């Protein structure tokens, strides 16, 4: 293998029940070029046959120094960069960043802007979950859901494209509100999407939820207890599937989330199947939120009173939102200039990925794939 | 001439075309012997295993020539198909690079030579005294007057095999299966410390 | 020599049975070509069917509706550089695909496409098939080992364990079908592939319906085990692409890789043929005993021609519905020619069917042969479609679950079915 | 509101100067050990600290709450509690880390370590701020803990308190070169192992690269 594998420190595990045949431990590299590591994650696996004795994640292949770039850009200039972190949930990234800077400036976006933000963010949450579902199912061997989810995700991307001209890295929001008023027919498009996608989610569930093989592959796989999840700082659907009813949208409401009525789904066992169910329910809850938001969207301005040159006062702020993958936080230190002194992004994928090791120990190679899928990581965000 | 290699008998048994010709016999035996030599001389265990498969398949061919198709089929399905796969399975887990650097013939080779010579002597004596020890089917065939009838009788080879195993030789058959059971238990005990 | 050729034509034996090496060779060539064409067709159909399951179109560019895509692929694979990793065991790496391919194609010598439409009828036919098809795993195992790489090695280990364990359940299911062949007046069964089908004909029932549900369960066991045996979804552990990149053939490329694919599809067809022979009446048309009047014979003999006519009609509809831009002009012509070819075959088959009705000589025999092969291939293609359907629908089993099913579920059930079949067979 | 923003902020007090020179390490550590068993009164009653008054101008204000009182009485001037824009933080002496963090988790139920990060102030004597962002599920409250350390100095690791600190501390080490004592496996996480330099330090240029590493490992002249 290579020198790196020899010095794996957290692979020194308590010895399993040794047998006469245990002398052959296999160390294999999964990734960075591997079809199921969702990009450039490299996991070094220590195997006994097919049983995983330990893992070590090697990350950073996609490290672009986003935080360093932030220190050399103005607040406005940095806004599009955040879309490139979790590129499948770019809208959420933008929302977190804009709200954090607004908080630092002590301004608030107008109500209409907040509603638009909620609609787009929740649409993005559905898109992110759809992408997760497709790739996760593909990892477990079900090819077909991928195409179904991508077909439906396309409708969301079309709405994004119509709204702000971009499909993936949207740069939809600006500090202080939104740049663009909704286009004519936006509400109709969103409502059409709601009626379109609800039966499609049923369709995914028909393929998977009661599928015997799916159940066998996901139940009791990658179990993480609530205590472990909290200690490891795991957030988002992964935490909720372990039974912790915690969602920043409810716990510390931001944007306009306090106006809406929705449930937080939680799981019981913290296994892969529960995480699957939690995300499926979350998609439906997002539909509920979007429906309420699009029906109750107020008239008014979409841009708050922010100065042309954004120059926050000296100070520091931490603001976090519930991104599709968990708590996405921005810690911004301002020195009073037009450029942030330091921006720290608290990436949910990065922290969640850390739980991989304890989730897969003692399982099989195939489960590692399932667990990487169920953690729903995006390497752009892990590596930044 | 060996009656098995008798062309007339051949055509009667196979329904026309002679199969058990001297050419096939020598070819298959030659392959088996070459394979056997390769098995013990190759340094790489996987190559040895592949050579062993060639030997086993050649022997299966020889069985076919002896009009024992059932034994040939079993030879393929059990030895070449099943056991060799398990062999390879185990060999693949062994560190070939290190194993191939080890000395192939270690100090106990004289003992091996003695054992091989003894076995060889046994075979030779069996070959010489064979007619007295075993009922010679080939002789029986040549004594029969009507080859067509014999061919018919042989066609029910599987039936006869079944009747022998579950009739005349039931005890030996069961003893053999008991032996295998013991081997299985031994393997389980060897691999698992706590059961 | 002409005598050698002509004398066989009136025979009701297989070329092997008649000892006619010339016709045996002809049959071997026909089967080899036929299987290769079937693999090519299967390739296209799988891609198209899978695409339509997944709301895609599949290949559309090379030829009308991608009909020439398999040929383009084959050409590409043949021209591609054949990479042998420098650390690989050169000889074994080279020989591994050939082992798989040989094993997959050798079994076709005993597959009975009709009562005399087989290369040879061994009296251990089914045993020979199982034995030789089990040699196919050797190719996979040594391929994985020779690549000298971790993923292929794991794939090879998985597939060897998988195949060895599923062969047991598969063999027991086969035995329960063979026990059924002995339920005749003489009380002797047969291992001959042709004999098995003839036994079904004599007993007037496909073995899948014999002692319902015993035959059905044994068939079910075999149908599951054969999917595992051929490494297809949902049991495609050996080449699970999301886990082991490509499993045992990760390091293979070009022609050598395509040999693996060829072997895989050939093996799929072979095991489906076993299932068809053992449980679905082999070459027999539906209700051969019930509807055996000459009129019925004629009606059923029209089926092959009508099938091709139907295919031609579909191709014709495709031609008509082709968009009218000039870009599609060549495609339209190509599809029309294809439709014409299919129609021509249909016409030929119908002519033979009509002619065979009044004739009693060689044309009638030819007509019968077409019927046998047609029904056999039709039944096999149902299985081929099932293979695609499984792949589109199900996630992949995990390795330990696969072994658990093999040893803890299928083996006891198949053993039980065998015992019960034997008891029921003795009682009745 | 926006007008307020435009008004020039009061001159930035360099963060480090807010605190008295904290050289009480010798006393601080044992005192924690002493008081820990003697403080059974878990302030469950003070689950909701008094909402801090929102400052008109963005100036950190003292943070007043029972929680703060408790720790102030324990540690005195080694700990300072402030609030800024409604967000509370402790500025503490380096010697209190990680004991204070452990207390916060055990006694105040800050069971979730959201993030660990650092900020570089090259002109200060103690160049680095290390910041822990904590959250309490039962209290639904966030708090930040800040401390200052000098370049080359090390700080106690909190991996034994929150398992999540493992990678977070590794990232801080990777980006700033701050050492954490007692970390089980302190090595680079995002940058390759042999890389020289810590990119998020202010003296590390945005275009700067470890040319030697690039040339050796990537076989190209320059990564630019």
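Per-chain numbering from 1; labels A, B, C and D assigned in written order.
Keep this in mind: a contact is a pair of C-beta atoms (placed from the backbone, for glycine too) under 8 Å apart; a residue touches a chain by one contact, two chains touch by 3 or more.
Model, not experiment: these values are computed from the prediction.
Asks: Which chains, taken as a pair, are joined by the highest number of C-beta contacts?
Replies: Result of the pairwise contact count: A-D comes out on top.
Asks: For which chain is the distance between its Cα centroid and the global protein Cα centroid smallest?
Replies: A
Asks: Taking CA centroids for every chain, report which one is farthest away from chain B.
Replies: D
Asks: Taking the mean of the C-alpha atoms as each chain's centre, how many Å separate chain A from chain C?
Replies: Distance between chain centres, rounded to whole Å: 46 Å.
Asks: Centre to centre, by mean C-alpha position, how many angstrom separate chain B and chain C?
Replies: It comes to 31 Å between the two C-alpha centres.
Asks: When the C-alpha atoms of chain C and chain D are each averaged to a single point, how far apart are the two points in Å?
Replies: Here chain C and chain D have centroids separated by 68 Å.
Asks: Distance-wise, how many Å sit between the C-alpha centres of chain A and chain D, to the nearest whole number?
Replies: 25
Asks: Can you list every residue of chain C that touches 2 or more other chains, as numbers and ranges?
Replies: As it turns out, chain C has residues touching two or more other chains at 157.
Asks: Where on chain C is chain A touching in the complex?
Replies: Those residues of chain C that touch chain A are 50, 53-56, 150-151, 154, 157-158, 233-234, 236-237, 240-245, 391-401.
Asks: Applying the document's contact rule, which stretches of chain A touch chain C when the two form their complex?
Replies: For this pair, the touching residues of chain A are 26, 28-29, 34-36, 49-50, 137-144, 146-148, 151, 207-208, 211, 213-214, 216-217, 364-367, 369.
Asks: Taking the complex as given, what residues does chain B use to touch chain C?
Replies: The contact residues of chain B facing chain C are 11, 14-17, 44, 46-47, 50, 53, 69-70, 72-74, 76-77, 80-82, 84-86, 88-89, 91-93, 155-159.
Asks: If you look only at chain A, which of its residues touch chain D in the complex?
Replies: Against chain D, the touching part of chain A is residues 4, 9-10, 59-60, 63, 65, 67-69, 71-72, 103-108, 228, 230-234, 244, 246, 251-252, 304-307, 311-318, 320, 327, 329, 331, 333, 335-336, 341-342, 344, 346, 350-351, 354, 383-384.
Asks: Which residues of chain C touch chain B in their complex?
Replies: 13, 17-21, 89, 91-92, 95, 122-124, 127-128, 130-132, 134-135, 137-138, 141-142, 144-146, 153, 156-157, 160-161, 163-164, 167, 171, 188, 191
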